[in-house]
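Before anything else, here is the set of structures, which you'll find just below.
Each of the next two complexes has chain A plus one more chain, namely chain B in the first and chain C in the second.
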Partner chain A sequence: MSVIECKDVTKVYRNIAALKGVSFAIEENKITGVIGRNGAGKSTMLKILAGFLKETSGEVHVLSERPFNNLKVSANLIYVDDQMSLPTSLTLSDILECAGDFYRNWDKELANRLFDYFSFHPKQRHNNLSKGMKSTFNMIIGLAARCAVTIFDEPTIGMDEAVRKDFYRALLKDYIAYPRTILLSSHHLHEVEDLLEDVFIIKEGKTLLHVPLTDFKEMAIGLSGDLSIVNPLISDKEVYHLEENGIKRTYVVVENNFTEAELHEAKVKGVDVSPVSSSDLYVFLTNKTKGGIEDVFNRG
Partner chain B sequence: MSLTEVSFASVVKSQFRYKVKAYLGVFVSLMILQLIAIIFSFNGVSSFGSGSDSFSVTVSRYSANMVITFTFLWAFITAILLTTRAYRYDDFSFVTNRLSGSLSTVLFLLFACAAAGISAMLSSFLLKNIIYFFFTDITLAGGLPQAAPGEFIIGTIATILYVILFSSAGYFIGTLVQLHRFFAVSVPGVIFGSLFIGDQSGLGNVIVWINEFLFSETSFFIFISKIIIFSGIFFVSSFYLLNRLEVRQ
Partner chain C sequence: MILDSDSSKPIYVQISEWIEAEILRGHFTTDQKVYSQYQLADRFNINPATAGKGLTLLVEDNILYKKRGLGMFVAEDARERIKNKRKNQTLKKLIFELVLEAEYLDVDEEELVEMIKSIKRKGEVQ
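After this line comes the complex of A and B, so read on.
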């Protein structure tokens, strides 16, 4: 069963299109990474799912309902980011208590244990927390709420290395104990790739890719060698990245549908064949130009 | 994870509890404002004196009118404040939809207005005590609830209703401003403009008309109906307008 279904969703903010037709479906109890560059439309998409924003056109279904102004969706979905608005007049322990009042599946014990582990003070106020502490506190709410759909929009902003690792560990542990649908958006694919089952890449307001992570890892291959040898090999392939690598040498990343024999032949001809890490591939895929930042400086 | 079913009423109830806790500052500002008003009231609302060579008489009237006026102001400003982004966005960190969020805010406002109206009425006793002990030689205190309990209760209900009316107007204006910044300039413009439009004696003057329509009603029942209808219109149209507003763009 698909928990989330979107069809041709667009969102226009005062003449600027943030989403230009995004379609995807997310199955129950999967952890999906929503990955994209700055301004690709990740947050807009997730906020539409949370019912904060209203889609300009297209169809959005979360738990078979339209999320905008929907109480059922709101009760079963939590959206956590670093800008969560919480009253400045309440102490952190008051806020946890209120959250418990709202969410039926709220796990008070987990919330308190995490609260102590990350050494928060019960009398602290949310607006006095540092950026990383805020993110950590919001994360506690997101995990303890145990909502059927849990959305973390760049949850690790400001967190230090140790807390980040703890967060991912906590997320995974709690997910295994209480499986639910989790959407995790991030700029850093390498950080979250151990956690994810699927990746969903948004580029310039459109769905670029939505595949299982294992497929994504094997999707591309890197070839480097002499221009005259490499070019014929890739003539009918989709090129993700192309870079000059010394005189008359080139490094290309192309779709990986070579046969064993073809690869063997290439190696014999002196081409280096190398795997491409998923985060490199993500960068290549989401670059606007094939050469990346190099193109800016190559004026010739 | 199993899905949970929630009813609209239970969400509004949770939100109301949450708001009573979270918006405690509203009551602090009410107390400060009423104390300031009490201090201003030490002068009395009117006084006259007369005398001859051998004696002199000064009669001063003290009342909580100033406190009540300040309470109206407080209700108006507080209602505007509760429509601002920070307060609306607070709802969306937890379970809510737009209607339940606005409805619980208005319930909180009604609750706060009732508390404010009662404390404004009671402040007249505090004022009279202070005057009696610190300011005058002889006090002929009137207006004690024991003397006319019915009037005191009617007075309190009327005060609460006026406070609610002011808060509903504030809530509506705050909502308009949230919809578009244009209203932040035009609404004060219209209000100040209407002070000068028309004949001072009343013909075509909106302020005079409002004064007559709402503040000079002699039948208590009709007065209650008028206030309920007016504030109802303000609140319901705000619900309608807020229901389409996006959050955290």
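After this line comes the complex of A and C, so read on.
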């Protein structure tokens, strides 16, 4: 069952198009990584799902409802980012108390245990927290709310390495115990990839790819070797990345639909066949040119 | 075991190989229940779907069998199957790489075989 369905969603801010027709569906109880470069439209998309923004055109359904101005969606969805506006007049422990009244499945014990583990003080105020502590506190709310749809938009901003690891661990453990639909946005695919079931990549306001992570990791392969040997091998393949790699040698990343025998033959001919890490592949796919930053400096 | 995200082996393959190793070590025996996808996900800090894919791989190879609603169990002859599979796949691949490197370095067959033998003699590999 699809919990989230979008069809041709666009969003125009004044005269800048942030989303240019995004369509996708998210199935129930999956963790999906929403990945994209800065300004790709991730946050706009997620805020539309959360009902914080209204789409300019297209159809958005979350839990079979249109999310904008919708109480059912508000009660069953939580959107966590580093700008959550929480009352400055309340202490942190008051905020947790209030959040408990808001969300039906609120796990008070989990909230308190995480609160203590991360060494918060009950009398602290949200606006006095450091960037990392704010993210950590928001994350506690996001997890303990246990909403059917949970959206974390760049949740680890400002967190130190140890807290990030703890957060991802906590997220996974709570997800295993209480499966729910989770969207997790990040521009660091490497950091989140093991947690994800699906990956959804947005590029320049459009869907680039929406596939199981395991497929994503196998869709490309790197070949390096002499130009004269590599080029014939890739003549009918889609090339994701291309760089010079020594004299008359090349490194290419191409779609991986080679057979075992073909790869075997390539190796015999002296071609190095290597896997492509998912974060490299993501960077290649979202680059504007096939050579990336190198192209800026290659003036021919 | 720590999983290697950058390895050429997908995570789910690493999971299935870890279970195979557990069977070879005798930690799991015929008809014994193995870890569920959720236990594996927790243990290796990965998505349960990825862990599930690793288990499915072993069911397809007849190393595990599924009992509806009860979980996955070690099949009869699992050890033999694993050994055969490793011989035909992993070992063959390694030898291929070895031969390729030897050719690249102009090491002939005789010398290569001698090198293998001397490593076995020294007891570096048991």
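Following the convention adopted for this analysis, the second predicted complex is superposed on the first by the 300 of 300 C-alpha atoms of A that agree within 3 Å, B and C clash if a C-alpha of one lies under 4 Å from a C-alpha of the other, contacts with A are read in each partner's own complex, and residues count from 1 in each chain.
Quick note on the criterion: a residue touches a chain if its C-beta (ideal position, glycine included) is under 8 Å from a C-beta of that chain, and two chains touch if they have at least 3 such contacts.
Every value quoted in this text rests on a predicted model; they were computed, and no experiment measured them.
Engineer: In the superposed model, does chain B or chain C contact more residues of chain A?
Structural biologist: Comparing touch counts on chain A for chain B and chain C gives B.
Engineer: Touch test for A:Glu161: chain B only (first), chain C only (second), both, or neither?
Structural biologist: neither
Engineer: Once the structures are superposed on A, label A:Ser74 by its partner contacts, choosing first (chain B), second (chain C), both or neither.
Structural biologist: Touch status of A:Ser74: first partner only.
Engineer: Can A:Glu109 be said to touch chain B (first), chain C (second), both, or neither?
Structural biologist: neither
Engineer: In the superposed arrangement, does A:Asp236 touch chain B (first), chain C (second), both or neither?
Structural biologist: A:Asp236 contacts neither chain B nor chain C.
Engineer: Report for A:Asp94: first if it touches chain B alone, second if chain C alone, otherwise both or neither.
Structural biologist: Touch status of A:Asp94: first partner only.
Engineer: Figure out whether A:Glu218 sits in contact with chain B (first) or chain C (second), or with both, or with neither.
Structural biologist: Second partner only.
Engineer: Once the two structures are fitted together, what part of chain A is touched by chain B and by chain C alike?
Structural biologist: In the superposed arrangement, which is not itself an observed complex, chain A uses no residue for both chain B and chain C.
Engineer: Mind listing the chain A positions that touch chain B in their complex?
Structural biologist: Chain A residues touching chain B: 13, 29, 47, 51-54, 63, 69-72, 74-76, 83-87, 89-90, 94, 98-99, 101-105, 141, 146-148, 178-181.
Engineer: Which residues of chain A touch chain C in the complex?
Structural biologist: Touching chain C from chain A are residues 30-31, 168-169, 172-173, 176, 190, 193-197, 212-214, 217-218, 264, 267-268, 274-275, 277-278.
Engineer: Name, in rising order, each residue of chain C that touches chain A in their complex.
Structural biologist: 3, 5-8, 10-12, 38, 41-42, 45-50, 53, 96, 100
Engineer: Looking at the complex, which residues from chain B come into contact with chain A?
Structural biologist: Against chain A, the touching part of chain B is residues 1-6, 8, 11, 14, 17-18, 21-25, 86, 89-90, 92-100, 243-244, 246-249.
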